[in-house]
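There are structures below to look over.
Both complexes shown next keep subunit A, but they swap its partner, so subunit B is in the first and subunit C is in the second.
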Partner chain A sequence: MTLLFTQSFTGVSIGAVLLLIALGLSLTFGQMGVINMAHGEFIMAGAYTVYVVQKGISGAGTSLFVALPVAFLVAGAMGVLLEWLLIRRLYARPLDTLLVTWGVSLVLQQLARDIFGAPNVQTAAPSWLTGAVPLPGDLALPASRLFILILALAAIGALAATMRLTPLGRRIRAVVQNRDLAKVSGIPTATVDRLTFFIGSGLAGVAGVALTLVGPIGPAMGTNLIIDAFLVVVAGGIGRLRGAVITAFALGLLQAVFEYATTVSTAKVLVLAGVVLYLQWRPQGLFTLRTRSLA
Partner chain B sequence: MKRLRTHRVLASVAALAAVVSLPACGAEVGTERSGASAVKPVVSADAVKVGLLNSLSGTMAISEVTVRNSLRLAIDEINADGGVLGRKIVPVSEDGASDWPTFAEKAGKLVRKDRVAATFGCWTSASRKAVKPVFEKYRSPLFYPVQYEGMEQSPYIFYAGATTNQQIIPALDYLKKEGVKSLYLVGSDYVFPRTANKEIRAYAKANGIEIAGEDYAPLGSTEFATITNKVKASGADAVFNTLNGDSNVSFFKEYKSAELNPKELPVVSVSIAEEEVKGIGAQYLKGQLTSWNYYQTTPSAKNKSFVAAYKKRYGADKPTSDPMEAAYTSVYLWKAMVEKAGSFDVEKVRKAADGVTYDAPEGKVTVDGETQHIEKTARIGRIRGDGLIEEVWNSGGPIKPDPFLKSYDWASGLS
Partner chain C sequence: MLTIDNLVAGYDRSPVLHDVSLTVPADGVATVLGHNGAGKSTLLRVAAGLLKPSRGTVRFDGEDITRLPAHKRVARGMAYVPQGQQCFPHLTALENLQLVADGRREGRAALDEALDLFPAVRETLERRAGLLSGGQRQQLAIARALISRPRLLLLDEPTEGIQPSVVAEIETRILELAARGGLSVLLVEQHIGFALRAAEQYYVLEAGRVTSAGSGDGAAEGAVREALSV
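== the complex of A and B ==
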């Protein structure tokens, strides 16, 4: 019973990590159709932000909360720079975008190596995030995982609110649904693109901050995450936030079950095979965006 | 008596004639038979070349650069002290680039083009296996500085790191002594952990230790919540950890989150040295155990000067670790072998190797000529809050290397 509970929570928390790393991508790839292979390096930038902030602010708890908005801005700014320098010239050429952003990801990894050194770096976690939160009935939940879950839910809430309630959100949706029509309606599509990319990349930075609590912080950390992020967005249905949320938690739970029943290696294979089969049945993913555009 | 001598001389002349005439009848056959592929090192009156073959780029660069640093330190020290047999050591640098075919190619270049007297380097077992046929073909020696899974012996490799019975078995002996009855095995999914765990299982069976579970994660995997839950639920007394690289970071962070602690459920690691502790965070590792032959804190006079020299040259925040020390020591061992042989000739150096000793930072080490491994002292260490590792137990003296575990009855079915 205890095990069932902790294992379900593990599944949910794996889902929360997946959601955080995929959330930004569901905007840039899902909404804008940009295959950004450097997304993982924006996550890395967020993680290194914690490291840099901790050089200035000693309190592990304070620095974590300072690092959250800073990482959002840093990664977001990197995203805007990337969009402005390269991606906007390649909107009609998705395959070129893939190659270019992959190149950018390699450049960013090397930059991180040159600035911070090739070995992993460590950040201090606040003491209230390194233990477990006790629950009634001899149960306990890892505090770091709980924090990531809350952060993921907060991020998705903020993003959903932005998309639904703000003028910016309306414009983003308009551009996604029909770019030409949005343009003739007077929406500055280029500016909207840049803002979308800013938010999407910024969310990657936030994910990076969260990952310092559970994983390594090093130049290559992004490459381990990018596949999972694309997996969630593709299986969830391109352009649908709801799809990404449900898929992230479903994949997390599946992974936890398979890992428990078999081994981590086998679980990875099974989850991947499951997604492949699922996409055979529903090539558009969990949710599809019905638009009037011909594309 | 005199006639006999004449006969001998005649016979020798005849034999010589036969040998000389052989290449004439078939040059190819001659090459194959006499092993003419052996490349003699080129040594000038005042210099001798050695090869340094480490990954300076790619994923392994993190670790291998530290080995390169200590190799250079040893070479410069020896040169400042007059060199080897009156000759300065001239290092030829090659980058293996974390890519095994590249290692083989560069090894060939060092031996055939540069004609080095010896090569120092390689880290992963995969790179060692890739260069092994090259060094064997051209009959040139490689000094390998890292602990490995054992079950190997090559006439042209000197293994300066620990083999299984100098690292893993002492760790198991220590756990048994501490009263561990049940062990959980966690490792990365590749050859070293799988081989090591096979050996651990055989040991456990013979020593009445139960294996509570065995789990592998792909290299680079960073999701350890489930494995931690399994470990927690298994009721094991200790965890034997053969994870490598980034996975260690996630594993120990998760371990702490699950409120597991080294007092109740210690983790013994064989791939975490001082450098890795820095990348994971001492906060997460404090109190956990490691098994090596050397720590920065090892109390020997030689180690004090080694650590001081290293820090002076590469930075005060740079720790020294076991593979770095083994690499440093291997250069001095080669020097001692050459001086004992009185020659740089590879076969003479190999013959002289047995019994060569050196007062290394880890303590006195001796070359075992039969296996070309090194007799080393095993040391179990506990990770401190400041990121260094302090010794809690040692084997009391150097352990004779036994790469094929021939002297252990329980290991009879393994090789």
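== the complex of A and C ==
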């Protein structure tokens, strides 16, 4: 019973990390159809933001909460810059976008090496996140994992509310559904694209902050995450937030089950094979929606 | 109000419109008639700013707007209802309307006015626009265009593919709107009777050229039917 509980919590917390790294991508790739290979480097930028903020603010708890909005802004600004400099010129050419953003991803990794050095760096976690939260019946949950879960749920809640309830959310959805009609409804679609990219990239920064609690910070960390992020968005159904949420947790649980039965690496292989098989059966993913240049 | 001069436009360098000139009078209705493929919709897309012409000018209230982006033309007082009852299918009918009302002074009042004009839309506000019938979607589309309080309305085949009872309703509303004053209409229409009833000025477009034009009174119908050979 205890084992089942801890393993399913592990699964849920892996899911929460997957969800955080995929959430931003579900906007830029899912809604806008941009294959941004540099999305992982925005996550990295968010993680390094924690490192930099901690140089200035010594309290680990305070610096974490300062780093969250700062990372959102830093990664968001990088996203806007990328959109403005390169991506907006390539909207009708998904393969070119892929190559160009992959190049940008390499440049950003090298930039991180030049600034912070090649080895991984460490950040301090606040003391209240290093222990475990005791539950009745001799159970305990790692506090950092619980924090990431809460952060992921808060992020998805905020994003869903923005998309559903605000004028900006309406505009983002409208531009995806019918770009020409949005233009003639008076919506400045280029500005909406840029804002969408800002939010999507900013969410990658938030994911980066969360990841400093569970893993090392290094120049190549984004590369390891980008595949997982695309996996979640594609399997969830491109353009559907709900699909990304369900898929993230489903993959997290699968990963935890396979990890328990085999090893971490074998579990990764099995999950990937599972997704490939699933997409053979349902190529459109869990949910479907027409987007701009893909699917 | 709207003056188009010597317009050449098309897709991928193959022109659809050749040297088209027309005028929409202030507070008046001009209609464009023609067979499928004559270039009627292309003409409206150029007027709305969705397609850049390769030659010629578009003037609105004397201002040259040939290079003005589509969304800025809406702010100038132009609204466009494209062909095919277009809407944002995954947004509710209300959200479709709010999109235009958002951030606009008196947006809410304009939204209510549009709903008063098309009471049928009021019944469907909470439903996803993609689930509405063709007639409901077209009324929603015209209502959405009116929320920006346009001085010029570009209407592309507003009655095409819609059941006859709703066609009559839509025609009545358009005639009412035009009669109110303060609004000019450029109407593309297959339905000759309605087009000429509504219009002060008509243009017949054939293979991308204006082949016949005149004022839209009773005498015009024979001439138009002859020009279109129907």
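Miscellaneous remarks
The working rule: the second predicted complex is superposed on the first by the 289 of 295 C-alpha atoms of A that agree within 3 Å, B and C clash if a C-alpha of one lies under 4 Å from a C-alpha of the other, contacts with A are read in each partner's own complex, and residues count from 1 in each chain.
Operating definition for what follows: contacts are C-beta pairs under 8 Å (C-beta built on N, C-alpha and C of every residue); 3 or more make two chains touch, one makes a residue touch a chain.
Because the structure is a prediction, the values reported are computed rather than measured.
Looking at the superposition, the partner that touches the larger set of subunit A residues, subunit B or subunit C, turns out to be B. Shared-chain residue A:144: touches subunit B; no touch with subunit C.
Touch criterion met: A:185 reaches subunit C, while subunit B stays clear of it.
By the touch criterion stated above, A:264 is placed in contact with subunit B alone, subunit C being left untouched.
Once the two complexes are overlaid on the shared chain, A:173 sits against subunit C while remaining clear of subunit B.
Subunit A makes touch with subunit B in their complex at residues 2-3, 6-7, 10, 13-14, 17, 118-125, 130-132, 140, 142-145, 213-218, 220-221, 224, 255-256, 259-260, 263-265, 267-268. Remark: subunit C residues 48-50, 69-71, 73-75, 79-80, 82, 86-91, 95, 98-100, 102-103, 144, 148 touch subunit A in the complex. Interface residues of subunit B facing subunit A in the complex, by the touch rule stated above, are 59, 61-62, 65, 189, 215-218, 220-223, 225-227, 229-230, 233, 246, 249-250, 253-254, 256-259, 275, 278-284.
Against subunit C, in their complex, subunit A makes its touches with residues 167, 170-171, 173-174, 177-178, 180-189, 289.
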